[in-house]
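Sharing a structure here in structure tokens format.
Here the chain labels run A, B, C and D in written order, and each chain numbers its own residues starting at 1.
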Amino acid sequence: MLQQFGNAFAFIFVAAIIPVLALTVGRFFRPDYPLSTKKIPYECGELPVGSAYVMFNHRFYLVAIIFLVFDVEVALMFPVMSIFSDYLGQSFGLKILIVSLVFLFTLFLGLVYAWLSGDLEWFMERERDSRVRKKTVTRGEA
Amino acid sequence: MSDTIVYLIAGFACLCAFLVALLPNILHAVIALIGCLFTTAALYAVLGADLLAALQVMVYVGGTIVVIIFAVMMTPDLYKNKFIERAGKYFFPTLVCSILGACFWYIYMQSASILPKAELVRFAITKKMGLALVGPYALLFEYVSVVLLFGLLGAIVIARTGERR
Amino acid sequence: MADNIYLYLFVGLVFFICGLLTMVTRKNAIGMLMGVELVLNAAGLNFVAFQSFMNSANKEQLVDGYVFTLFIIILAAIEAAVAFAIVIRYFASRKTIDTHQGIELRG
Amino acid sequence: MTTVQSWLEFMPFAPVVGALFGAVVILLLFVAPVGGILTYVERKLAADFQERIGPNRVGPFGILQFLADAIKMILKEDTAPENADKFIYNLAPILVMMGSLGAFAAVPFASHIMGADLDVGLFYILAMGALVSLGILLGAWSSDNKWSLLGGMRAAAQIISYEIPLGLALLSVITISGSLSLREIVLDQAWVGQGSFWHVFHNPFVMVNFVIYFISALAECNRTPFDLPEAESELVSGFNTEFSGMRFGLYALAEFADIILFACVAAAVFFGGWQLPFFHPEQIFTDINLMGVNFAPLFVTLSTLLVFLGKIAFFIFVVMWIRWTLPRLRMDQLMSMCWKYLIPIAFVNLIGSLLWVWFFRGRSIVELLMGVA
């Protein structure tokens, strides 16, 4: 078993060596004429404006969070699912079924919440903003 | 030979852990943390917990680190800030930490010497872990789902910014 | 084979100490949370090492320690999600995550 | 590479040399050249779809084009932006290659060719996929370019999102086969009398799940219609804008390696791996003696390898076909496709598959039909 993991480790090692080797071998063949204009970040021929490290959409972070939770869920289901077929028709199999169904259902609620609260939308901001504003305005009038 | 490889992995893990603490650039420290988590996964595999090794890479490296990198990117002025500190600033924390480490090592020696010396036995743990998760730990398994649910809800509610209002 | 529990315990100890050092010396919240991840990782490594060597010593095939490590990994993930959400929210309102400048979580 | 290791037993450091030998053989002699040839195949197929000729200068039918491309990439100057974070910039291609090539360890190419027979093979492949998204994200961030950053963000969001339906689709197969080892999953699909059949025909839920798997795999490889991260008409070249020469070549190779990998997993998990129904190479090549050496195992391995490669070739052709058929999605369509369609459907399918396995005691639809007839 350890041997098999050693083999996998050898794969990762060789895969990490390949780019290093390719770039090192290439160093002897490729030309090297450094110019200051070559070191400017590419911005379609114009000089770059401002920093590239701009703050970006918070949606990406929300996606990362939702992903993290479901990633954990998928990872947890793997060992549980792998024993399911061994206990078909036994009471323990029924227990596995119920436990995993409850587990899946609980996490599905999370997806439903994210969906209903509009966190899975991307470019619908403006529409919802106007709707929310209308609601608050009417409430203010009332 | 395989002994040497394991010691190399362990040494690399320790090096990465020090780099997490000492690298001035936060994103470089994140990469050192990736090294730590990856080598820990390798050590799990050496110890016979292959499922945990894969899970560590999948959840930690693939999930948590991505969230950390996103968080670093969300705070861009942090990245270019190099945090160059005086060396003296590290002196007192390092001293305290190494004293604490020495105490811990003493406790470890006490607790590990109970175990008799034996050849490490490796067995297939995937099915056994599945059995444990729905057997004795079934309730914990369900609690985890609830924790995940409320963690998700809480994180979403907090991370949503004021742009909506 | 590296059948020596002290190796794994030593690595776990180094992780723990470095995590502690990270938490103490880093000024920003993200760096401190990285220290927390490292400490949790150390705990997981200890659980796995003790379980493996106990199994070998007692000729058993128990996985309880592994299950604990599983839960540690999962809780670390959730902790990261929630904690970094708080950090980002804080940054969005204060434009800093320097912990020395005093964190007030009152909105 | 169990056979290779047994040949090397007499050498010192045999396990290490055997492992490295297997890795070098599979990665450098199979994956990298095939990944290179795929660039040629893609251009040729594109030309066929558009009624052009395509590359035809280098070698017969232009088949040596990939070698010319490789030489060109090695000879190109290597420039990096001045403000790039050099450490991460150099590390990113390594991470991507580790993720996409390292996963080949668990792929069962033939009955005796397998890098590492891991107990958690499928899980290992999913885990290694995580490194690709990290590498792309870090490389994009480090190159100090707005196009790169936009492409990298899109790539990271897309790859991590589509990992969920991918995992859920694979989970439904795990409920049937009851093992995470890819070798056992393949052996589980052997056609023995009225036994089991390929998993994709096990029950209707798995069939739908295969479609979900295929769509998610396209997104994981950043292929059209999910090629937003490197959308050349809007983002210059996406996350690899600042990577020149060989570095760009490494990214391209990683992309093609990813396509091969997902085709391999599709073939192994859903389509019976190296096996065909009514084709038993062990029975056909029982005894082939030449000069006192039994070549039967060699023939068995080669024939199973051919079957597996045929299946991969089919999937890769479909991937390239889709590229010239479907237009690119928009970012919001991409995300809603993943979170609002694929994941709920995969959830329902997983539950359906669980219930099917429970109520029919793990019997497939083929078995049920044959039992009736």
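Keep in mind that, in the parts below, contacts are C-beta pairs under 8 Å (C-beta built on N, C-alpha and C of every residue); 3 or more make two chains touch, one makes a residue touch a chain.
Since we're looking at a predicted model, the values are computed, not measured.
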item: Pair joined by the larger number of C-beta contacts - B-D, A-D; value: A-D
item: Chain nearest the overall C-alpha centroid of the shown protein atoms; value: A
item: Centre-to-centre distance between chain D and chain B (centres being mean Cα positions), rounded to whole Å; value: 29
item: Inter-centroid spacing, chain C versus chain A (mean Cα positions, whole Å); value: 21
item: Separation of chain B from chain C, taking each centre as the mean of its C-alpha atoms, in whole Å; value: 5
item: Multi-partner residues of chain B (each touching 2 or more other chains); value: 2, 5, 46, 48, 50-51, 53, 55, 58-59, 62-64, 66-67, 70-71, 73-74, 124-126, 129, 133, 144, 148, 151-152, 155-156, 159, 161
item: Junction residues of chain C, two or more chains touched; value: 1, 70, 74, 77-78, 80-81, 84-85, 88, 92
item: Residues of chain D whose C-beta touches two or more other chains; value: 15-16, 118-119, 123-124, 128, 141, 153, 156, 160, 163, 180
item: Contact graph of the chains (line, ring, star, complete, other); value: other
item: Chain pairs in mutual contact under the definition given at the outset; value: A-B, A-C, A-D, B-C, B-D
item: Chain C residues within the chain B interface of the complex; value: 1-3, 5-11, 13-22, 24-25, 27-28, 30-31, 33-35, 37-38, 41, 44-45, 48-57, 59, 61, 63-64, 66-67, 69-71, 73-78, 80-82, 84-89, 91-93, 95, 97
item: Footprint of chain C on chain B - complex, ascending; value: 2-3, 6-7, 10, 13-14, 17-18, 20-21, 26, 29-30, 33, 36-37, 40, 43-44, 46-49, 51-52, 55-56, 59-60, 63-64, 67-68, 70-72, 74-75, 77-78, 83, 85, 89-90, 93-94, 96-98, 100-101, 104-105, 108, 112, 115-121, 123, 125, 128-129, 132-133, 137, 140, 144, 147-148, 151-152, 154-156, 158-159, 161-162
item: Residue ranges of chain C touching chain A (in the complex, touch as defined); value: 1, 70, 74, 77-78, 80-81, 84-85, 88, 92
item: Of all residues in chain D, those that touch chain A in their complex; value: 1, 5, 15-16, 18-20, 22-24, 26-28, 32, 73-83, 93-94, 97-98, 100-102, 104-106, 115-119, 122-124, 128, 141, 143-149, 153, 156-157, 160-161, 163-164, 167-168, 171, 174-180, 236, 241-242, 245-247, 249-250, 331-332, 335-336, 339-340, 343-344, 347, 350-351, 354-355, 357-358, 361-362
item: Residues on chain A engaged by chain C in the complex (per definition of touch); value: 2, 58, 61, 65, 68-69, 71-72, 76
